[in-house]
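Okay, so chain A shows up in both of these, paired with chain B first and chain C after.
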Partner chain A sequence: MRKILISCLFVFGFALFLNAQDHSHDHHNHDHHNHDHHDHNHDHAHKDDHSSHGGCGHHEVDPATWDPAPTAFHHISDANVFSIGPFSIPLPCILYAPDHGLSMFMSSKFDFDWNAHEGTGHKAIDRYVLDLGVVRRIKDNSFPMGEIKIDGITHKKENDVTVGYVCYGGNKYQIEDQSTIDGGVFGGGMTSFYDFSISKNVISMFLMVLFLFWLFRSVANTYKKRRGMAPTGKQSLVEAIFVFIQDEVAKPFLGHKWEKFTPFLMALFFFILALNLFGQIPFLGGSNATGNLALTLVLAVITFFVVNLNGNKHYWQHIFNFPDVPAPVKAILTPIEILGVFIKPLTLMLRLFANITAGHIVIIIFISLIFMFSEFGRNMGIGVGAAAGSVFLTLFMMAIELLVAFIQAFVFTILTASYIGAATEEAHH
Partner chain B sequence: MTGSIAAIGMGIAVIGAGIGIGNVGAKAMEAISRQPEAVGDIRSNMILIAGLIEGAAIIAIVLSFLAR
Partner chain C sequence: MFILADFDFNVMRPGFGLLFWGTVTFLLFWWGVGKVGFKPIMNALKEREDDIQGALDEAKKAREEMANLKSEHTALLAQAREERSEIMRSAKEAKENIINEARTKAKEESSRIIASAKEQIENEKMAALIDIKNKSGNMALEIAEKILQKELKGSSDQQTFVQKLVDDIKLN
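Up next, the complex of A and B:
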């Protein structure tokens, strides 16, 4: 027991240490960055007198109208570059456009600055461009194919929607996002291309799957070797969590069938937990995999199938023909029950997404406060004060987020278990 | 000042969920103090109910996005 406590304390302390480290670094980088920006702006302001840039290039940040929302969305969204600290690592792009076919290349081909965090490409490849780390495509068919050097990418707010434009040869070409199946609910929709890339989230998923495989393989081997002995090392941490889920989630909710569904519940719990915690590690890409609707959608769809394929006669009877209920009530009850079948996985999907994304956004907004108060480095005194307050708030939020990472993984698992339990329950009336 | 009235709806939905989860937590604390030996059962059921209430709030938030 003492060992478990010590391991937990160690993990917590290590995470806090990492967080603290990130903040000191973060400020440094951003401050540095801001200076760069400032100098650039000066250069451009001079050049603009002589030659036109077609409206592209760096713009001076106006502290009065600066909106932290795009910065926050840039940080929580998936990307085609993996940024570790101030450096960007290229990732493979697998893109499909119906009018062009399949294109596969590394995102380094976009010629982004490897030592800049944003990852904005200087080249267009077959009309694809890299805009703030995300692959987008130029809508206009008159734009030449192949590798083209572009003058820059600019963003403009039109009717409350930010639209990106590529500047090339004095003209501006509108760019669009990849196709999503949300039908416009979250600002997406069908566009001219599909993105199947090994993106930042996919890489972090692979890493976590490999890590969990290694962890559980080695723990399983230790169990074989040290049969009947007290747990040691990694076993102490894994066994505590594993037994907790088994005793608190699987057994009470699933009755005597708990052994059949325990592997699924464990896979869900540890996968979500690992991705939640990996997303918490600052400076390591800051991947927001469990805060991505596509990933939570897949998890929820798997849960949907597991629940409904294992549903017994009583489960379906309670949906379509509730026993011992008068017919008029049935007319109301049946549609509600049918809706409930779909609402259950839908809320699973949205709950995980909303909780993780909200936590990440709050942290970014707290960091943004420094830049808002200091007016982007123009007012260093207030900036230092704001930084002190912001670091405190962010550390507090990070600690809460560690808690949320565990709670949301637990809630997803316990709700899945209760849905499976309700679907497989034998009648006792 | 610009904004969407859906944001107000979102806030109202969150107030409702906050009251609901607050009640769940308060009653769970009472139950634990009354029967400390049942703390495990009470805790997991508390989280389950809180999750279900949160589901209603999340649906309201998404609908307020949709109605934007």
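Up next, the complex of A and C:
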């Protein structure tokens, strides 16, 4: 996916071409910069240790080979710190390792730089470390427990998977991600610990749910207070969207049963919409909850249960024993129908995830163009020009993303409504 | 300050934490906001829709009633107008009748008054004449008596004769 995305961006290739052209001219500056960097960060060796060449020594960004994709992936990832602008706010960590038990503490205990965006901890807590804002765990049992000051964290590309190492006492200890349920399909799988932290995405969810709770409660109260009067203020805004979902989604698809399922459809729509929009506020965490497969999976599974638990005889008959169809056709049709039951929520899950994630990645890559053209501050002239172009492109993309936020929330809701409608439809032949 | 974030595409790996909190949060949201927000709003909207429909129906009914009333009204007006002209005609007739009657009555009365006046005048005249006759007779008698007293010294034959003579006198 990453490769397709990047190859799609011809601008990116053009940038690389420019970078290669200017590389030799910049060599002197490059070295100078390196020395500066070294002196300045003398006692913070770990801060910039992200070398892909091994060791926890200094790393220098090479404009010729720099790849914006990992930066994009870092920004769309869930995290155990909440970064607002250049500052990082600690979040509660709830970690469970079968060999150690439950650990609960604030992520500030990892001792990350509050005024730095990346959130890399300077300490290991019971073999947990904070690597680029994400809690990871040292695999090696020989690493000491408790609060340990570490020398840094480095990463290495191994078989297309990025592997992190903690440098401590002259040794390197491999770290691993939290357990995930993808079973290794997307490079995850079960590891030595589970992360139940109130992460950035979870905090965003809580905030949005509290906000929506407040909004709908006050709007409902306004309806009670202003009975028989025209809507005002936020009531007008909510009502316009509410009535749209109710009359254009719930009623046409669900027939006379619309009242039973409208709260579910509303919950889906407003939950997705709020998180989509919250994730698009620049410099405010950049949370990507609806662009995380875990959350879209949750929504898809809940939709799956709502659809199938409400399926009537007519619905199941059309899946297992399609009426008025010859037996050989049934033999083909039935497996397809059974697959369809699972594919429907699967497409819901992937569609929302892919749309939101793709939008965020494109924006980050447009922003990255500034750094690539300016060769990370070494060529300010081109950088200013690139910034102007990038701002335009980013603004354009953000406008599209705003549209996508509504469209995807709407699409998820209308498809769910159509699935519920199909499952609860009465026989009409 | 440039971060080279060596980072994987981990958003496709659903972690247990987000799965757990996502499920809890969404179910709570569905239940909680459904209870305090969605259902009351749905009911309020339905109520208002019914109200609006009711108001529209009522307005339609009122309009129809108005149209009915208007036709009734015009009919009534026409009837009233007719009645008015009828009343006016009859009033005119009555007036003429009254005037005519009054006129004839007045004529009759006046003729009757004139007649009775004439009669009375006649009667008075007659009475006056009789009176004059009597008085003149008496005067003549007195005169005659006086003359005769002088000449005859109250002879009853003579008095009778004179009376007879007086009666014979026709005053014409």
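The rule we apply is simple: the second predicted complex is superposed on the first by the 373 of 429 C-alpha atoms of A that agree within 3 Å, B and C clash if a C-alpha of one lies under 4 Å from a C-alpha of the other, contacts with A are read in each partner's own complex, and residues count from 1 in each chain.
To be clear about the criterion, contacts are C-beta pairs under 8 Å (C-beta built on N, C-alpha and C of every residue); 3 or more make two chains touch, one makes a residue touch a chain.
What you are looking at is a predicted structure, and each value in this text was computed from that prediction instead of being measured.
Q: Applying the touch criterion given at the start, work out whether A:Phe206 contacts chain B, chain C, both or neither, answering first, second, both or neither.
A: Second partner only, chain C.
Q: Please indicate which partner A:Phe410 is in contact with in the superposed arrangement: first for chain B, second for chain C, both, or neither.
A: A:Phe410: touches chain B, not chain C.
Q: A:Ser77 in the overlay: touching chain B, chain C, both, or neither? Say first, second, both or neither.
A: The second partner, chain C, only.
Q: Touch check for A:Arg378: first (chain B), second (chain C), both, or neither?
A: So A:Arg378 meets neither chain B nor chain C here.
Q: A:Val249 contacts which: chain B (first), chain C (second), both, neither?
A: First partner only.
Q: Contact-wise, after the overlay, does A:Ile343 reach chain B, chain C, both or neither (first, second, both, neither)?
A: After superposing on A, A:Ile343 lies in contact with chain B but is clear of chain C.
Q: Figure out whether A:Lys260 sits in contact with chain B (first) or chain C (second), or with both, or with neither.
A: Neither partner.
Q: Quick one: chain B or chain C, who's touching more of chain A?
A: Comparing touch counts on chain A for chain B and chain C gives C.
Q: By the touch definition at the top of the document, which applies to A:Asn292: first (chain B), second (chain C), both, or neither?
A: It touches chain C, and chain B stays clear.
Q: Please write out, lowest number first, the residues of chain A touched by both chain B and chain C across the two complexes.
A: In chain A, positions 186 sit in both the chain B and chain C interfaces.
Q: Across the complex, what residues on chain B touch chain A?
A: The touching residues are 40-41, 43-44, 47-48, 50-52, 54-55, 58-59, 61-62, 65-66.
Q: Going by the contact rule set out above, which residues of chain A touch chain C in the complex?
A: 1-2, 48, 50, 52, 59, 61, 66, 70-71, 73-74, 76-78, 94, 117-118, 132, 134, 155-157, 161-162, 164, 177-182, 186-188, 194-199, 201-202, 205-206, 209, 212-213, 215-217, 219-220, 223-224, 227-228, 238-239, 242-243, 246, 259, 262-264, 266-267, 270-271, 288-289, 291-295, 297-299, 302, 353, 357, 371, 376-377
Q: Quick check on the complex: what are the chain A residues that touch chain B?
A: Spelled out, the residues of chain A in touch with chain B are 185-186, 247-249, 252, 343, 346-347, 350-351, 354, 407, 410-411, 414-415, 418.
Q: Contact residues on chain C for chain A in the complex?
A: Residues in contact with chain A: 2-23, 25-30, 32-34, 36-42, 44-45, 47-48, 51.
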